[in-house]
Each structure stands twice: as structure tokens, then as C-alpha cells.
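Should a chain be cited, it is by its letter among A, B, C and D, assigned in written order, with residues numbered from 1 in that chain.
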Amino acid sequence: MSRDPALMRTFRVAKVTTHAPGLVSLYVEQTYPITPGQFVNLWIPGVDERPFSVSDVKDGLVEISVKALGPFSRRLVEVRRHDWLGVRGPFGTGFTAAEHGLLVGGGIGVAPLRFLDRVLAAQGLSRRLLFGVKSAAELIFPAAYAGTAELWSDDGSLGERGLVTQGLERALAAAAPRVIYAAGPEPMLLAVLRLARAHQIPAQLSFERAMKCGFGICGQCCMDGAGLRVCVEGPVLTDLQLHQVTDLGLPRRGPSGRRLGA
Amino acid sequence: MPHPTLVTDLCGVRLENPLVLASGILGVTASSLLRVANSGAGAVTTKSFSVDERPGHKGPTILSFGAGLINAVGLSNPGVDAAVAEIRAYKAISRTPIVASIFGRTVDEFGAVAERAAAAHPDLIEVNVSCPNVAAELGTPFEADPATLAAVTRKVKAAARSVPVSVKLSTNFGFLARAAQAAADAGADLLTAINTVGPGIVIDTNVRRPVLANVTGGVSGRAILPIAVRAVFEISRAVRIPIIGTGGVASAEDALQMLMAGATAVGIGSAVYDHGVEVFAAVGRGLTAYLEREGLDRLDSIRGAAHVA
Amino acid sequence: MPHPTLVTDLCGVRLENPLVLASGILGVTASSLLRVANSGAGAVTTKSFSVDERPGHKGPTILSFGAGLINAVGLSNPGVDAAVAEIRAYKAISRTPIVASIFGRTVDEFGAVAERAAAAHPDLIEVNVSCPNVAAELGTPFEADPATLAAVTRKVKAAARSVPVSVKLSTNFGFLARAAQAAADAGADLLTAINTVGPGIVIDTNVRRPVLANVTGGVSGRAILPIAVRAVFEISRAVRIPIIGTGGVASAEDALQMLMAGATAVGIGSAVYDHGVEVFAAVGRGLTAYLEREGLDRLDSIRGAAHVA
Amino acid sequence: MSRDPALMRTFRVAKVTTHAPGLVSLYVEQTYPITPGQFVNLWIPGVDERPFSVSDVKDGLVEISVKALGPFSRRLVEVRRHDWLGVRGPFGTGFTAAEHGLLVGGGIGVAPLRFLDRVLAAQGLSRRLLFGVKSAAELIFPAAYAGTAELWSDDGSLGERGLVTQGLERALAAAAPRVIYAAGPEPMLLAVLRLARAHQIPAQLSFERAMKCGFGICGQCCMDGAGLRVCVEGPVLTDLQLHQVTDLGLPRRGPSGRRLGA
């Protein structure tokens, strides 16, 4: 990471933590300030490059939490301590810290919210955490959240059975937060956005789109509507910005730019 | 003095200002092109598209090297049908002129994609015969041989019907004036110069391998401004058709160099990395300020002005 | 582990380190070459010289453009006799190898100057067939045509007798591998790549004219590093002779890119503007530090390392 | 002038003062700090470019004093207010300010010493001025030095008749300065250097050599011996540095690099 974030720089992986099979955290040296919600591009030399949110910054190390999903992420979770990894960034616009936030995370979306949680805590800002996963093994840093987060799982193996958005509905009925922060799969984000609008609570949502550059020039990550770039104006977009977006929930665009299944 | 105008006539197409979004930058979707148009571009260019869909190269595809960018995106594009749909969608919501950038693997493919592109009525068609990033697959760029260049130009001209055609050149094969002449003689209405330079390679010395997945990539941005200005200067002496001067422009000062070298319009691409999409409005304001300071009312007064005896 | 060494064998010439002062930089006099040798260069190259004395172009001859330099000095030189006297004077006071850079207006002139240069026993002769800054006067550089390039190479080889001959190429005419092949087949012992890129033009928008008195000039420095690295990479696949990789090198990191691309030695020129003559010692220290960090004892271990499958 | 001094920038000449026929001062906007002894490259668009010392910096303007000698300087003294002039720099190493200096100037060499004089004055440093010219008309800023400088002229039309180095000999015999500053024709500088060495007074002398770049890369201005660059290590060189120089007083090198008359 540098002041010319599009430069490639390689770092030796300083540490690897395995949370569960196919779910790891990688740590690399920090060389630039990072705001929760921002992301980095990770290059496995000779393989490919993908964007990943930062899940924490501590003791001079940047933590990135990866879930094995496809060919690239399956290689990434196999990276070992001392391996070289290309790291570019940080890119994008992160979350804006505020009092009385409600952090709603789904699956690997818990990653950027965890960083946000720590930054809010450091500033003494009150907040409430709602995390949902498919099943218990999928929660990163379970220990860190025992007692502090309200947990939901599809199969009931952790916390309450059901979707985290059910938790959100319940929370909103009880007390209005000042802001909703959310990260997770797009259908979840849409449900959160709908609830936030219904309750007139400002929301900051972290989105994912296929990316080529990560720094605003290739056009690969642009959302339909006003052409917001997920890599520059996002990945965190507010409920207001999202009024300008017309392709939420549509099949994503593949690497050619064509909308898949369209 | 009346307020100076930046309005530019490009082969009969009226641009509010001479600044054209270069191909491959924010050019994938209608929305993204609209965004740039609304940010102050005088015209926008699509990412180059071909008959068939192409995913492009694996990552990394675009890097900074400290003095500019280097890229090998690999001409990823959704294929002509999807691209044409984006052009139509764009035209439904924007009045800023749009340039359809096309390429093919054969002379005939250039014709085929031009014909289908023309059906969407873009304001211009730009023929990318100079991309250095697909050599492994498509071989030496078509521009390297004047006869092939002429054949592609004729084919596209015939297919484009009334849509003016620009041929996009690079400086990577020398003899630029000859290539420009070949394209002009074959009927090109205008030229775009230049495509990326090189190509180049960036090696990561820790992992001891080229960083771009494609190994080589084209150099753009600040590094190439003088080369692009020279190309425009040289071409404008060789042929009489308009030029979209592209390469390294990031400020009004840079754009003025292009215009004074003989460009009619000015392409901007990589500067979006350093300066954001706001670069179009900023450069436009700078051009107006220059005209005001010099007491001029239009850019015609300075076009080609650097060709002193 | 023994202390790593940077000693480099270049066609039988022993360099304390692989860093070579590029031609045209501080290369006019024996004293100035000595200064650079004493600053840590592994070898030094004279400014290119010809049979007859040349004053060069009027000023400005060298500019920064913000991302590198652009120059059109116009091959000013004191003529072969005075140049040879400087080489002799240099050799009397320095043991650092010296490369005599030569050029001519005709194939025969290349031979004539090579013969007289060889008499001063430089360690190498470098043939400048690629200077872009005298086109108006000398026409298209000799490298543009493989047959001419081969003829120049053969002529110089014959005249140079036992002095190894390097042919200096640019990337300005494409088909670099073909040029390298032609030079190697004609007997070149090594190649230097690259000369300046472009050419380019810088226009001053206040006075609306090109700044360089020669109008065009060659681009060097940071802007061209990836292009030079690619050139070395490409040439080292095409031919088996050593390469002095030159262009944009300013740090150990940059020099390592050159070596990993396949260079045997590394030229440094424009970086003297940004970093002073101290750049040679600094880059040398950086190379040693790299070898130490990686537990290597010589640069051979990394040469060409970026040519992964 | 800018932080990348090799960039060309053009300025409108803000003011022109004519001291005598063929002897003028040009003023351009100051955009960068300058030390006395440093020089700038002046480009007459379409003509040529040459190095010139700065003769003063005041009120945001850089003053350059030019004497018409050859084709270029004859054009330069004809430049008018509002004309464009390319200005690059500042280049080189200037004088180091010290107490009790003796400033010895010859001809147009008075220019950099005048700037030095003003800077020393502003710092309250005592100093003594000895200026020599061919004849009265050649002194730039005569009014400024009436009374403060000891003047010499070849023809006796101003101050004492004789060479300024005679004045220096006399001054050294009377009282030892802490440092001798000198600028002027090379034969004069050599005489000054000899006297300074004889009296063991440190000297800072400003030299001229033909230049192409002005910023240390072309090699045109290098002195024989250790290869000192007049444009980088100079133009002001100390008596100690000059021990490494072997071509003082030799015929100068022309634009090809060949020593004229050699």
C-alpha cells in the first residue's frame, strides 16, 4: 500500500489464521492509513487479483479475511506465512463513524464490519452488532463476538435460527439507531435498505461488484443509473446515493462486462 | 468581448467542448459513459468491442508504474450485441456525442462489427487497429502494415455508411505519417492518436516475474504526453483530416499542447486515475480561462499554432 | 555466507558492478567520465562521436517534462580525433572500463570512426544507430531497416578488430526482435537497449511553439522504464548475446527489473538529473543489499529470472 | 522557476532597465527561492538559451543583468517589457554568506556580487566592495555603489585607473578579510585566486563555462581535473575545490566540446 495506490507492491504474508476450513485471515504489513470499509487488491503472483475488504488494522498489520468460494479465493486461503502477496490500495470510500450505529453483517460481510466495530469502540461510540451466517463454522472471530453480538444462523447452529434481517426488523421495532451499517450478500443488503428506508434510518451499505482496476478507470464495477463506481464512490454507499442506482439485485456482470444470464 | 466558446465541430458532430473520453476508460456501460458525459466531457468513447464476447486477461490488468499507467486488459468486452444495447441505452438518456470503438480479428470482422455498431447510430466509429495488448492472440496490430490498415479502413468505411470513421493509431511502429496517410487515403474521416505506447513490462523483483498477467501492457498517462503531442504534430502535417489528440492529457496546459500541435479534439483517459472524473470539467474550465486571458473567442484561433516555420 | 559480489563480465570485460553510464550523459571529457567512474559506475560511455566535429542544436536541448526528460542535443561532439584524445586521457587515469559510442552519416563513416576509435583501445565500442534527434539532417535512423543495420554492424565489427561491439537499439520502429537478430547475425557481440523513446514534442503554450530548438526530442528517464524493461525482455528471448539494459533506471529496484528481464549490465543516464552522480553508488549499494537479503552471492542467480514459463 | 528546475516555463518580462547601451537588467516573476551566485537559463523563444546569474531578488521579481557580447546576448538586451522569456532554474551552488567579506567584481561579474551584497547587508554582515570595469558606462547600478564601492576602470573614467586586482592587492596588504568573493572574467579570477592563496584567505569564485543543460547531465560545463560541473558544483567554487581543476585559464570549450584553438 502506498500513496500511488495503483502501484503493485508485494509483501510477505506475516501471519495466517484459519477460522474454519476455507475461512482464513491473512495479515500483511500496513504502510498506509486505512478506513473501515476500504478494500485492497490482492495479487497471487502468476494467478490473478481480486478485491478484499480489510477486516482489521492492528499492531502495524492489515488483516484480510477470506472465504473460499471460487478458483481464486480457494488459492488464497492456501497462502502460507512468508509467501509473497501483491497488495494494492487502500481503495474506495469507507464507512463514516457515528454514534448509535447498528452493524448488520452477513457471511464474509462480517469482515469490514469487524474493523468498523473496533474503530467505533476506540472512539467510544456506542453500537449494536447483528451478524448472520449460514452455520456456526462460518463466523469469523466467533470468540470476539461471544456476548457482544447478536448472532443468527440459517441452520440454528449459532445464535437464533433465521436471517439476520429478521434480527434487524426486531431491533428497529425496539429502538431506532442513528445509522445502519451493513455488509453481506446483495439480497441481504437490499432487505436492509428496504427496512432502513421504511424506518427512515440513514444506511451505509458495502457492495461488491466484479472489478478489474479497483481505482476508477476501467468501468467494470460501475452501477447502472448514475454510473457510481463501486471501487471509488463505493464500496460503501449510502441510502441516498443508492437512489441513483438501478441495477440492485440484478444478475451481476461478468468479466466481459455482460450481465450474466441477461 | 463575448464569452469564449469551446464548441468543437468534429466531422460535422457538434461537441460542447473538445474533450473526449478515451476508449477503455469507464466505457463499459451506458451508465458509466453517462456519468462521464455529465462530468463535463464533450464526447465519450466506448471500450473497444468485437463480434464475440471476450473476458479479457486475468489480473492484474492495470498498474501504475510511478510515471503513468500500464495496462493489458485484453480487450475484454461483452460482444457487439450487448455493446450496441449499451450504446442505444446511452443515447436514450444523453445528448453528448458517443464514439463506438471497435476491433476485429480479421478485416472482415472489422466490417461486421462496424455494420452492427453503425445500426445503433453512434456519432462516430473509432477503429482500434493499434492495441498492443493482444499480440499473443491476435498477432501484430493491423496498423503495422499500411496495406492492411487501408483494407480495414475501407471495410469499416463501407459498413459504417454515414457514420464518420476515425482510425486510431499508435507510435509503436514508426512511420506514423505513412500510416496516417494510408488511413486517410482509404477514406478515414478523422484519426485518433495515440493508443498506448510500448508495450512495456513491469517486473516485481520480490517474486521475480512480470506483474501484468499478460506480461506486457501498453503505457499511458503522463509518461506519454510528449510522444502523443509529437504524433499529432507529425500527423497534422501529413494529412488534412481532423485528429483526436490523445495521450497523457491531464490539464488545460496539456490539452492546449495537443490543440496547438494540430488536434481538433483531445482525448483523456488515464488522467481519471490521478484527477478523477472531475478532470473533464477542470480542463474545460482551464481552456475557457486561457481563451479569456488571451482575448480569443474560440479554439480555432490556436489550433495548429505550434507549427511555426 | 561470503559477501556478495556485483562483478560482471561483459564480453570478457570485467566490470566491478553492472552499472554503466549511458552515452550522452557527462560523457564529453575524460575528467567528467572519470568523475562518474569515481562515483561508482562499473563502466562509462562517451557521448557519441562522429568523424567530423558537430556543434549540435541550439538551445534548449534538454528539458524535463514532469515524468522524465526529453532531449535533442543533436549529437554534438568534438569529432573523432578530439574524442579519441579524451579516451586516451581517461584511460591514463582510470581503470574503470570505457565504452566508445560512435555514429556516422553513412555506413562507411561508421567504419571510419570505429577504426579510429578502436586505435584508442576502448573496452567496448557502442554503435549508435538509433538516435531520433537528427532525423532532419541524417534521415531515418539506420536501425529502421534490418539490412542497413546489418551492414553498419559488419562494417564496425571489421574496423573494431578485437574490441567487442555493441549495437544500440531503440523501440521506435517496432519489430525489435528482428533488429536484434539482424545485429547479432551481423556479428554484434552485445546489444544496448534502449535509446530514447518517441521522439516527443513539448510545446510552450504561452509562446505557442515547440520548446526544443530541434522541435522533436527523445524521451528518457522514469517515463520509459517499462518500455526499456520490455525491450530487454524481448531481445533476450530473441538472441543469446549480452544486453546493456538502459532506460529509466534510477534505483536498485529498477536495475533489478532490468537484470531479471535478462540484461547483463544496466545503463543509467537521466537519473543523474534527479539523483545526482551519487545514483551509481546508491544503486550499487541497493543491489548488494538485495543479494544479501536473498542470500545470493552474485547477480547471475537472478539474471533473466522474470522469464517464467 | 519551479521545483523541477529543468521544466521550461515562460514568463512575461515584468520590467526592463537600460544601464547603458548593450547593458540592461531584465525582471521576471520569482517563483522559487534563489541564493546569490545561482543562475537561471534564459530562453528567447525560437532563438537559443543561455545561462545568466541572478543580480537581485526583490519585491517578488528576479533581476538578471545582461551585457551584449555575441549573437544571443545582443538579442536578449533587445527584449521588451511584456515579451515572453523562458526561465529555468535556479541552478548551481551559490555563495556562502560570511562576515568580513571582500567582494571583487569585474565587468558583468558585478551582477551576482550585487545580489550577494544585498543579502549580506540584510544579515548585517560587514563587507567591502571592489568593482572594476573597462570604462564608466559599463558599471551596472552605478548609483547604488556611489560611495560604498571602491571602483576601478581600465581607462580611468570611473574611480581609479587600473585593474580591480590592483585594488585587491592593496586591500589585502591593509587588512585581511575573512573571505574573498569574486566574479568576472577568468583571467581576473585567476589573479584573485593567486592573491587569495598567497594571503591564505578562503575564496569563493564564480566561473563561467559553455553549457547545454545547466542541471548536470550533458557534461558540457565540466572542468578538467576531477570533472567538477560548473552548473552543479559551481558556478561558485572555493579555492579548495579549485585544487582539483586543471584547465583554469585555458581556451574554453566550444559547443562541440572541443577546446577552441586546441
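Please note the rule applied: a residue touches a chain if its C-beta (ideal position, glycine included) is under 8 Å from a C-beta of that chain, and two chains touch if they have at least 3 such contacts.
Predicted model only: the values in this text are computed from it and were never measured.
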item: Interchain contact steps from subunit B to subunit D (minimum; 1 if touching); value: 2
item: Centroid spacing, where centroids are CA-atom means, of subunit A and subunit B in whole angstrom; value: 35
item: Distance between the centres, which are taken as Cα means, of subunit C and subunit A, whole angstrom; value: 50
item: Cα-centroid distance, subunit A relative to subunit D, in whole angstrom; value: 64
item: Shared-contact residues (touching 2 or more other chains) in subunit B; value: 65-66, 202, 209, 308
item: Contacts with 2+ other chains: residues of subunit A; value: 46
item: Chain-level touch network, classified as line, ring, star, complete or other; value: line
item: Which pairs of chains touch, using the document's own definition; value: A-B, B-C, C-D
item: Subunit D contact footprint on subunit C (complex, rising order); value: 24-36, 38, 47, 53-56, 58-66, 69, 73, 76-79, 82, 202, 204, 206-207, 209, 211, 213, 269-270, 272-273, 276-277
item: Of all residues in subunit B, those that touch subunit C in their complex; value: 65-68, 70, 140, 144, 171-175, 197-203, 205, 208-210, 215-217, 219, 221-227, 229-230, 233, 253, 256-257, 260-261, 290, 302, 305-306, 308
item: Interfacial residue positions of subunit A with respect to subunit B in the complex; value: 4-8, 10, 41, 43, 45-50, 84, 86, 88, 212-213, 215-220, 222-229, 232, 246, 253-259, 262
